[in-house]
Every structure is written in structure tokens, then in C-alpha cells.
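My questions will all concern the structure given below.
In order of appearance the chains are A, B, C and D, and numbering begins at 1 in each one.
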Amino acid sequence: MPVRIQTEDFDIGREIAALRAANTKVGAVASFIGTVRDVNDGNAVATLTLEHYPGMTEKALEDIVAEARSRWRIIDATVIHRVGELKPLDQIVLVVVVGEHRGDAFAACEFLMDYLKTRAPFWKKEQTPEGSRWVDARGSDDIAAERWVKPKQDVA
Amino acid sequence: MPVRIQTEDFDIGREIAALRAANTKVGAVASFIGTVRDVNDGNAVATLTLEHYPGMTEKALEDIVAEARSRWRIIDATVIHRVGELKPLDQIVLVVVVGEHRGDAFAACEFLMDYLKTRAPFWKKEQTPEGSRWVDARGSDDIAAERWVKPKQDVA
Amino acid sequence: MIKVLYFAKLREDLGKASEELALPGGVTTVAGLRAHLMARGATWQSALEQGRALRVAVNHEMAEPGTPVHAGDEVAFFPPVTGG
Amino acid sequence: MIKVLYFAKLREDLGKASEELALPGGVTTVAGLRAHLMARGATWQSALEQGRALRVAVNHEMAEPGTPVHAGDEVAFFPPVTGG
């Protein structure tokens, strides 16, 4: 399964090994891990709670992976996103893309993260010493995702 | 040490953990592994021998890491390149970049690989059933590296 | 009947995670359903009147104000996503 | 004296990994040293006459034909790199 939503932690080495074992043509492995920082907007973060929309989340991530496969020459990909309670320094998200060559693997990996950030239904709530608050969406994430939008084709 | 040339294999999980342990501000970990494919230009590859230029290799890689640090807002980076005899499916090269945000980490990681491919003094020789041959440099690697060349600044 | 879901801050503001309701007469789109829910009172009015900061999905696909809503659909209202 | 190194296919073609030699009279640049080495005979001529497919480093830095060469320098000749 290329897409997993789980409360448990993940191991990048094991996930890369699984993708590589399935295909000996792999020459390039691009990956990304997002982690909980211990400071956000200047406030110390005690814990983070990740809520999601079961059913839609899996579909959204599978659609994003299918889109990456259609745009770049890649061999396979894994996306893991954790939900529930997380602490500072915990891992949140993992994207691994394997391909024959590095250019397509890098592009697809960055695309998956940018689209996941703006299209997959996850929400973060921070618990700080001053109380809890929902994390605001970042304009920079919308800008990052916009880069990948293809110009609309004219239909003749 | 951010740059290592070694005959031994490496463990991406351990390298990421070391970089993260050194800095709690990390929110983004971008990484790349290059591996030995079992086919190159249509020929089965038995083993690969990696030669390098001791002394210059370390300097070239350190210069590339310093250049990445000057261009992007990253926290730290590790580059490991293996030399000596390698078999199909072996890992060859690892680049890990940690930063606060993913855009800079991704860009620096891809830049490090592109520059390493064209500027670090390593040479690959393949042993195939038909004999051994030095691997030709790829024009696509020069093109990939060219993307990062800044236009020369006019000095007023 | 349709199923309506609320997530994150919206769920907290409304004190409700989901409900089933008969598709109200005259409601044929996302915009129509939103207007119908806002008419429930001040809490609903302010929670759903967040302008562009509100997102809607119909049957697990991101939707627009003009997206049709039919009996049997699952419609979800939520704030902009913040995963990753 | 200067130290001259040869790598990869060039090392094999020349049958030599390194040598120390007195900086030849009149040689002040990479291009001058290359011409001096090519004058050693057919093997050297063909190995070093690979046009742009030859790379040169002086003291561990990539060099151009016009890069100066001084006594005490380490000069390396090699094919385009193929690591990564």
C-alpha cells in the first residue's frame, strides 16, 4: 500500500528497503520527512494533535500519488502520515519516491509534499503552555503548490 | 563531519538521527540515495569499481556543501560517498539536508547531488560479462548542474 | 438524506462532528446547503461565514460553491488543511 | 618540482598514476604542461589530446588551460567525473 495513515511512528530505512526490494531498476531514492519542531511562531509547543478525515484522506493521497506517476517517470512511491498525539521532535510525514534517475524522483517527491500540504484533509492543533490553538494554514504552502499547476490547455 | 568518503555501507536512518539530534529546530529532512542498478545502457553489471582523488574529493564536497549553505537557509547537511568495489543494488551516495522548512531543504539536496555529479572527482568502472569499461559522463548531468549556475553579476 | 461532517475548529465551534439530515427543499448545491445551515442561528452563521477560509468536500472530493449536492451524498465542511 | 597525477581511464592509458618532475622550462600554465607531456610520444599525445573530455585540477581546484602552474603545485589530469 503506497499510502498509509497511522498513529505509530515509521522507519525511513525500512520503507526505502521495501520499495527497493520490489524493483531492481531503482537508481534514485528521493525522500522527505516532516517533523514536529519544538517552537512554532515563537511559542513552545508541548504536544500536537493531528485530526484527519478518514476515507477522504486516503483518497486524496492516492489521487496525489497517481498524479505524480502521470507527471514524472518514477517507479514507485510511499506516503505515510501520522495522526493523533505527537510530541516535539516526533516524525509527522514521510514521502519516498524511487525511480531510475534522480531528476524525476526529486520533482515527484517535492510535488507530493506540496500537494499533500494543501489538499489532504489533516489539521494540526497545538497545545502550548498558554493553551491550545489550531494551526493556521500558511500562505507559503499555497504558493508552493501553485508552482505545480499546469496552464489550462485550450481544447480546439 | 558533514562529508565522508568510505568503502563501508551507510544507514540513512542513523545519519538522519545524527543530524536531527544536533538541532531541535529541524522541521524538514530532505534526502537522496543513489544506488547501483543491475542494468546500465542495456548491459548487465556484475560489479562497479569507484575510484576517486583523495584530498581533492573531500575538498570538492566541502566546497559544494558550503555553497549550498550560502544559497539556501538550511541547518546542516551530510554527504557520504562510497568508493571501491560495489555490487548491483548497493548504495553509492547519500545526501541529507535538514532545515526549518522544506523548500530550502529540497533545493539544497538536489543542488548537492547535481554539483557532486559534475564536480566531485569520482570515476566509475563497470565489470560486465563482456568485460570492463569506464562509465561515460552523461550530458544530462551537465544540464542538471547548469540550472544552478547564477548569472554573472555586473560589478558597478 | 445526506450526511454532513464538520472538522477541526469548525467541529469545535459547532459542537458537532456529524449529522444526517433530509436534503432541504430547494438545496441543490454546496452554496445552498451552506446558506441553509447558516440560517440555523448565530453560532452557525458565524462559523460558516468565514469567507474563503472555509473548505467543502462532496463525497471525498474538494468542492466549489456550485458543486451539486444530491440525496445520499456526504458533505464535509472544514478549515484550510494544515497537515504535512 | 611539481607532482602530476592521472586518474581513471587516463591512468590506465598512460600506465602511470603519478610522477614528480621538475617544472619544465617555459611551462607556466596548465596548457603549457599539457603540451609538454604530449611531446613525450604517441601514447601521451593520444591520451591527452581528448579535447574537452579532459579535466585538470591544480592543487585540488578545477583548472582552466590558462591556470598558472608553479613549482610545488599538484596538477591532476582526469576524464569527466562520473560519481554519484
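By our rule, a residue touches a chain if its C-beta (ideal position, glycine included) is under 8 Å from a C-beta of that chain, and two chains touch if they have at least 3 such contacts.
Because the structure is a prediction, the values reported are computed rather than measured.
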Legend entry - Identity of the chain that, by mean CA position, is farthest from chain D: C
Legend entry - Distance between chain centroids, defined by C-alpha means - chain A, chain D (Å): 48
Legend entry - Distance from chain D to chain C - Cα centre to Cα centre, in angstrom: 72
Legend entry - Computed distance of Cα centres, chain C from chain A, in Å: 26
Inset, instruction - Going through chain B residue by residue, note those that touch at least 2 other chains and give them in order. - result: 34, 113
Inset, instruction - Return the residues of chain C touching two or more other chains; collapse runs of consecutive numbers into ranges. - result: none
Inset, instruction - Please give all chain pairs that are in touch with each other. - result: A-B, A-C, B-D
Inset, instruction - State the interface residues of chain A toward chain B in the complex, per the touch definition above. - result: 11-13, 16, 20, 24-39, 88-89, 100-103, 105-106, 109-110, 113, 140, 144
Legend entry - Partner chain D, residues of chain B touching it in the complex: 34, 50-53, 55-56, 59-60, 81, 92-93, 113, 116-125, 134-138, 141
Legend entry - Footprint of chain A on chain C - complex, ascending: 5, 7-9, 53, 57, 60-62, 76, 78-84
